[in-house]
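Shared between the two complexes below is chain A, which has chain B as its partner in the first and chain C in the second.
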Partner chain A sequence: MLDNLASVGYFLPEFALTATILVLIVVRVATKDPQSVAFPFLSLVGIGLSILLASIVPAGEAKGTFEGMVAYDAFAVFFKVLTALAAVIVVFMSMDSREMEGRPQVEFYVFMLASLIGMFLLSASTDIVMLYLSFELVSIPSYLLAGYVKGKVQSTEAAMKYVVYGATASGSMIYGFSMLFGLTGSTQIGEIGKALATGNLPVVPLVLACVLVAAGFGYKIAAVPFHMWSPDVYEGAPTPATAFFSVAPKAAGFAVLIRFFYTVFAVSEPGSSVWRLSTEVDWTLLFAVLSAITMTVGNLVAIKQDNVKRLLAYSSIAHAGYMLMGFVLLTPAGIQAVLFYFVVYLFMNLGAFYVVLVVGNSCNGEDISDFRGLGTRAPFMAVSMAVFLFALTGIPPFSGFIGKLYLFAEVINRQIYWLVIIAALNSAVGLYYYARIVKSMFFDVPESTEAIAVPAIPRALLVLLVAPTLILGVYWEPVARIASNSIRMLAF
Partner chain B sequence: MMTLQAFLIISAALFCCGLYTVMTRQNGVAVLMGVELILNAANINFVAFAHYLSHVMGGQIFAIFIIVIAAAESAVALAIFLRLYANTGSVEIDTADRLKG
Partner chain C sequence: MGFFDSHILTLMTFIPLLGGALILCVPKGKDDVIKGVAAVASFIPLLLAVRMFYIYDRTMAGVNAADQFQFVERYSWIPNINVEYFVGADGISVPMILLTALLSFLAVIGSFGIEKKIRGYMALFLLLETGMMGTFIALDFFLFYVFWEIMLLPMYFLIGVWGGPRKEYAAIKFFLYTLAGSVLMLIVMLALYFNTTDPATGKHTFSLIHYMNQATHNSWIKGFDVRILLWLGLFIGFAIKVPLFPFHTWLPDAHVEAPTAISVILAGVLLKMGTYGMMRISFPIFPDITVYFAVPMAILGIINIIYGALCAMAQSDLKKLVAYSSVSHMGFCLLGMAALTPLGMVGAAMQMFSHGLITAMLFFLVGVVYDRAHHRQIDGFGGLGVVVPIYTGYIAFAFFASLGLPGMSGFIAEQMVFLGSFPIFRTLVIIAALGIVFVAAFHLWALQRVFLGPLNPKYANLEEINKREMFCLTPLAILVLFVGVWPMTVVNLMSVSLVRLVDLVKAVI
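So, the complex of A and B:
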C-alpha cells in the first residue's frame, strides 16, 4: 500500500483531466465566442493526454494507492482507457448538433470531463468512501448534461427524472454500505471481504445490505428493475450526451460492480481459475435472475418503440443484461468476456447514436419514420447504420457476434443452460426491432428524396467506427488478449 | 446510556420514511426531502456504528462526506427543478409526462 506522496505518480491521468477542466474555464473567460472551437479541441487534447498517461505508466504489479483508497491495476487501466475513448468520440459528436445550436458551450465539456474523472476513480476505488464519492462525481455532472438544452422541456424533464432516480439509488446504496460497515467495522472493501469470509455474521442484514448496494450499482448500469430512468433520460437528453450515458457510466458501473462483489463476496480458489462465494449471500443467483429479466424486459419493450433514441435505450438495457451473464459466472473467462463485449459495444453503440445524431440534424427528428429512404438519400450513412445494427443484434461476421460468442461460450462451460436459452431467444427478438430500422432505411419510400449532405468530419468518424465493428468480427485476437490481461484486479 | 439498537431503529425508521416519501410524493422538492431523510438515516448508522463498534474514524469521516455530497446533489437538483418550473410552470412529477412509452 503506497502513501499519498508516492501515489501521485499513479494519478497522472486524473491530473491531466483536472488540468484540462481548469484550462477550459480560463480559456472561456479569455475568449469572446461562447461556442469557440477551442473548447472541443482542448478537451480532445486533455482526454488524449490522459489516455496516453493511463496506458504508458507500466501496469506492473497491482498496487493500492492513496493508503488503499484507489487501486492501480490492469483492470482499472482498461476501464479508464475505455471510458476515455468513449469521451473522445462524444466530443467529436458534440461538435455539430442541432439540438445544442451548433456547438455546445464550454460547460458541456467541463461536465463531461468531470464525469470522466469520476469514472476513472469509480473503476479503481477500493474503499467505500472513495466509491461513494466517485459514484456521485459520475452522477452529478451527468444530471446537468442531460438537462443541457435550456429551452427544451424534454431535456429538463430528462434531467429531473435522472436526478430523482439517481439520488434515491445512491441513497439506498449508501444505506447498504452503512450496514456493511456496521457488520465488518471497516470501509476498505478488502477488509470487508475478509471479515465476511470468517462466516459468523448474521445473514439477514447481510442479504439486505447486498440488495441495497446492488440497487445502487443496478441503477448505474440500468439493470431491470432499476432501469426506469434510462429510456426517458436517453430520449430527452441531447444525443451526444445520450451516447455518452449509454457507454461510459455503464462501463464504470460494471467495473465497480465486478470489483466490489468479487472482492467482498468471493475468494479465488488457490490452484484453480474459479472463484467461490465466501459468504451465505448467493449473489450469483440474484444477478443471474436479474440478467435474464433485464435482457427480456429490454428487448420486449424495445419492440414497440418508434423513437430511435428510445429504442436504443431499451436495447442498451438488453445489452447490460447480456453482460451481466459474464459477471455471474465466478470465472476469469466470464470477466474477460464482459471486458471484450465492452470494447465491441463501445464502437457499435456509439456508431448507431452517431448516425441518429446526423439524421436528427438534417431531418429534425429521431423517429423510425425519419430514417425512411436513408438508403437512397445518404447511402453511406444507411450502410454504416445497418452494420452497427446488425452488430448489435449479434449476427456474424460483425463484432457483436464475437462478443456474444465469448459470453455464451462461458455460460455454457459453466452449465447454466437456462440462462443461455433465454439469452439466445432474446437475441432473436433483438433482430426484429433492429431490422425494423434497416427495413425503413432501405425499403420504405421517403417523403422527400433529396440527398442528405454528410460533412467530411462525420463521414471520417463513421469510417473510424465502422472499421473496428467489421474488423473485430474477423480478427479479434489482439483485443481478446488485452481483455484477458486486464482481468487482474488488486487482490487483498 | 443509549444502546446501539436505539440508533439502528431510529435510522431504519428514518430510512423507511424517506423511501415512502420518495415513492408517494408528487412534488419534486418533497421527493428531494425524502432523499435527504434516506441519506441522514445512513449518516446515523455510520456514526453510531463507528462509536459503538470500531474505534477508527472511518464512520464519522464517511458521514461528513455524505453531508457534503448531499448538499452538492440538492444544489444541482434544485437548479434542475427551477429550470423545469421556468419551462412548464410546475415541479409536480406526474405532470412531467412528455417522455413515455
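So, the complex of A and C:
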C-alpha cells in the first residue's frame, strides 16, 4: 500500500486533466467570445498531455496507490489511452456542429474532461468506494452533456432519462457493494476476492450482491435488459456527445466490469477460467445468455430504425453483446479479445458517428433517407461511411472482422458453440441494417444532386479514422500485442 | 524459375487490385483511359495464366501434400496466431484460375458499353477479380476466408448500383445469403484451428494442408457428431454459393438483376467456388463424413438437375432461364463429386470448367439482345433468325453446348459424370439422365420461340451482333469446341490431383 503522498507521482494524467479544466474556466472568464476556438484547442492539449503521461507513467506500475484505492497497471493505462483518444476525436467532432450552433461553449469541454477523469479512475479502481465515486464522476457530467442543447426537447428528455436510469443503476450497485462489504468486511476488491476464495460465505446474499453490482455495470455498457436509456439518449443528445457516449463510458464500464469480476471471481492462476461460486450459480452461462440476448435484441431492434443515430445506438448495444462474449469466460485470451475489439470499435464507431454529424450539418437530418445519394454528392464521405459500416458488420478486409475473429476464437476455444452460432447469425442480421444505409447512399436516387462540400478538417479526420479501420483489417499484429500486454491487472 | 514464374499466383491476384487503385487516380472525364487500364489490368493475369498453363507440371498431385503444390509462396503474415500468406496451385485450382483469368478479361471487354460511373464499376470489378483469384490460390484457411469475403463487397455494389429494376433487393439478398453461409464457415475454421496442432511446431495453424492430415486432429474433433456438424457448417456455406436446392433462391434474383458482365462472372466463376471449396476443404479434411453424406449429396445433385431444368422451362424471361439452367448444370458437379470415383470427380471438375465457358456465352448473348430490345421476354420475340443470322448462330451454338450436344465441352463433362457415378448410384443416375430431357427441352423450346417461327415485325430492324461482342464470344466458342473434341488437354491438367483426392477420401472406408 502506498500512502497518499507517495501516490501523487502516479496521478499525473488525472492532474493534467484537472489542470486543463481549471485553465478552461479561467480562460472563459478572461475572454469575451463564448465560442472561442481556444476551448477545444486547450482541451486537446490537456488530453494529449494526459495520454502522454498515462502511457509513459514516469513512476512505473504500482498497486495499492492512495491507500489501495486505485492501481496503476497496464490494464488501466490501456483504457485511459483509449477513452482519451475517443475524447480527442470527439473534440474535433464538436468543433463544427450545427446542433450546437457552431462551436459549443466551454461547458461542453469541461463536462467532457470531468467525465474523462472519472473514466480514468474507474478503469483503475480497486476499491468499491473509489469505484462507486468514479462511476458517479463518469455519469454526472454525462447527464449534462446529453442535455447540452437547451432548446431541444429530445435533448432534455435524453438527459432526464439518463439521470433516472443512472440513479437507479448506481443505487442498485451501491446496495450490492454494501452487501459485499457486510459479507467480507473489506472494501478492497482484492480482499473481497480472497474472502470468497475461502468458500465459507453464505451463497444467497453473495449471488444477490453480485447480480446487483452487475446490473450497475450493465447499465454503463448498455447491456440488455439495462439498455433502455441508450436509444433515447443517443438520439436526443448532440451528435458529438452521442459519439462520446457510444465509446468512452462503455469502455470504462467494460474496464470496471472486467476488473471487478476478474479480481473477485477468477482464480488467479493464469489461463484458468474457473469462476468461483460456479458450483452454485453457472456464471458463465448467466453472462453468456446476457451476451446473446444483448446482441440479439440490439440487432433486431436496429432493423426497424430510420434515424441513423438511433440505429447506431442499437448497433452499439449489439456490439456490447459481442464484447460480452469475451468477458463471459474470464480468461486472459477473452479479455485480450475485448481490449482488441475496443481499439477497432473506437475508430469504426466514431467514424460512423462522424459521418452522421457531417451529413446532419449539411442535410438537416439524421434519417436514413437523408443519406440518399451521398455516393454521388460526397463520394469520399460515402465511401468512408461504407467502410465504417462494413467494419461494424464484421466482414474482411476491415478491422471489425479481426475484432470479431478474436472474440469468436476464444468462445470457440472454450467450446461454447451455441453462443458463437448466435453471434454469427447476428452478424448477418447486422449486415441487413447497416446495408440499408449503404443502399441509401449508393443505390437510391437523391432529390438533389448538388455536391456536398466537405471542408479540409473533417476530410482529414475521416482519413485518420478510415486508415486504422482498413489497416487493422490487414495487419493487426502490433495492436494484438498491445492488447495482450494490457491484460495485466494488479489488484490481487 | 524466374521471378515472374515463382510469383505468378501473387501477380495474377494483385495486378487487378493495383489496376483498380490506378483507375481511382485517373482524372474525371477520361473514360477511355479507365477502360484501357482495366483491360490491361485484367489482360496481364490472363497472359500469366496462359504461361502457367504451359509450365504447370501435370504429374504433381498437390491436394494434401505441401511439397507437391506448384508456384508456392509462403510467408508469415500474423505470427501470433500463425496466419500465413500461403498460396499454391494444383490440379483442382489450375483450371479455375484459367477460367477466372479468361472470363474476367472478357467481362471487362464486355463491360465497355457501361456508361454510368464507369470508374467505380471498373475499380470494383478489378477488386472482385482479386477476390476470385485469391480464393482459388489460397492454401491457408484464413486467407481463403478473407478472399472469399472480399468478393462479396464489390459484387454487392456491382449488382446494387449497375443492376436492373429490382437491384437493391437482389443485391442485399445475395449478400445476406452468402454472408450467412460464410459465418458458418468462419466458425468451422476457428474450430479447426483450435483443435488441430501442427506436429512440427506444436502450434495451432490455419494451413488447410495440415488439417487434411488426420493425425493433427485432437480427440474432440475426432468425435463423429462433431465432425458431422463441422462438415455441415462448411457444406451449407458452400452449398449457398453453388447454389444447391434449397439455398438457391438468391441466384435467379441476382443473375437477373446484375449487369451482363457481372452475371457472366457470377455464373462463370462464383458458383464454382462452392464446389471448389468442397473439393479443397470439406472432402479432404473430413473424408469420413464425406463418405457418410455421399448419397444425400448425390440426391441433392439430382434435385438440382431436375428442379433447375423444370424451373428454367417455366420462365418467361430469357435471363432467368439461363440462370436456372446454371442451377441445373451445377447439379451434375455435385453428382459427380458424390460418386467419389476418379472419373466422377474429373467429370465434376470438367463440368465446372465447361459450364463456366458455356454459361458465360449464354449470359453475354442474353445481354446482347437485351441491349438492343430492352427486354428479355421469350414470348416477346419471334423469328429473329432471319434478322440477325450471326447472332442466332452464336446463340444456337451456345444452347446446343449447354444442352450437352456431343462434340462440345458440356457433353464430355456430363458423360464423365454419368460414367463415373453410374456404378455407384444406378437408380439416381438413371433419373438424372432423364433430367437431360428436360434440359434439352427448355433450351430447344426457348430457341424455337425466340428465333424461329414468324418474324415479330417490331424487331425487323434489330441490329446484328457487333465486333466487340463477337470478340467476347468467339474465344469461348472455340474453347467449348476444342475441349469437346479434345478434352485431354483439360483432363490431363487435373486428373492426377483429382485421383489423389479420391484416394484420400476413399482411404477412410
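Everything that follows uses one rule, which is that the second predicted complex is superposed on the first by the 473 of 492 C-alpha atoms of A that agree within 3 Å, B and C clash if a C-alpha of one lies under 4 Å from a C-alpha of the other, contacts with A are read in each partner's own complex, and residues count from 1 in each chain.
FYI, a contact is a pair of C-beta atoms (placed from the backbone, for glycine too) under 8 Å apart; a residue touches a chain by one contact, two chains touch by 3 or more.
Computed from a predicted structure; not experimentally measured.
Once chain A of one complex is fitted onto chain A of the other, the partner contacts of A:D232 are limited to chain B, with no touch recorded for chain C.
Of the two partner chains placed by the overlay, neither chain B nor chain C lies in contact with A:L52.
When chain A is checked against chain B and against chain C, the one touching more of its residues turns out to be B.
Residue contacts after overlaying the shared chain place A:K161 against chain B, while chain C stays out of touching range. Using the contact criterion defined above for the overlaid structures, shared-chain residue A:Y432 touches chain C, although it does not reach chain B.
Of the two partner chains placed by the overlay, neither chain B nor chain C lies in contact with A:V454.
With both structures placed on the common chain, the touch criterion links A:A62 to neither chain B nor chain C.
Contact with neither chain B nor chain C is seen for A:L300 once the two complexes are overlaid on the shared chain.
In the superposition on chain A, A:I140 makes contact with chain B only, while chain C stays out of contact range.
Put simply, chain A uses no single residue to touch chain B in one complex and chain C in the other. Across the interface of their complex, chain A is touched by residues 8, 11, 15, 18-19, 22, 28, 31-32, 34-35, 38-39, 41-43, 45-46, 48-50, 53-54, 56, 58-59, 61-62, 65-66, 69, 72-73, 76-77, 80-81, 83-84, 87-88, 93, 96, 98-101 of chain B. Considering their complex, residues 375, 390, 393, 395-397, 401, 405, 408-409, 412-413, 415, 417, 420-421, 424-425, 427-428, 431-432, 435, 439, 442-443, 475-477, 480-481, 484 of chain A touch chain C.
Here chain C touches chain A in the complex through residues 77-81, 145-146, 149-150, 152-153, 156-157, 160-161, 167-168, 171-172, 175-176, 179-180, 183-184, 186-187, 190-191, 193-194, 220, going by the rule given at the top. Chain A meets chain B in the complex at residues 128-129, 132-133, 136, 140, 143-144, 147, 150-151, 153-154, 156-161, 163-164, 167-168, 170-172, 174-175, 177-179, 181-182, 185-187, 231-232, 235-236, 304-307, 310.
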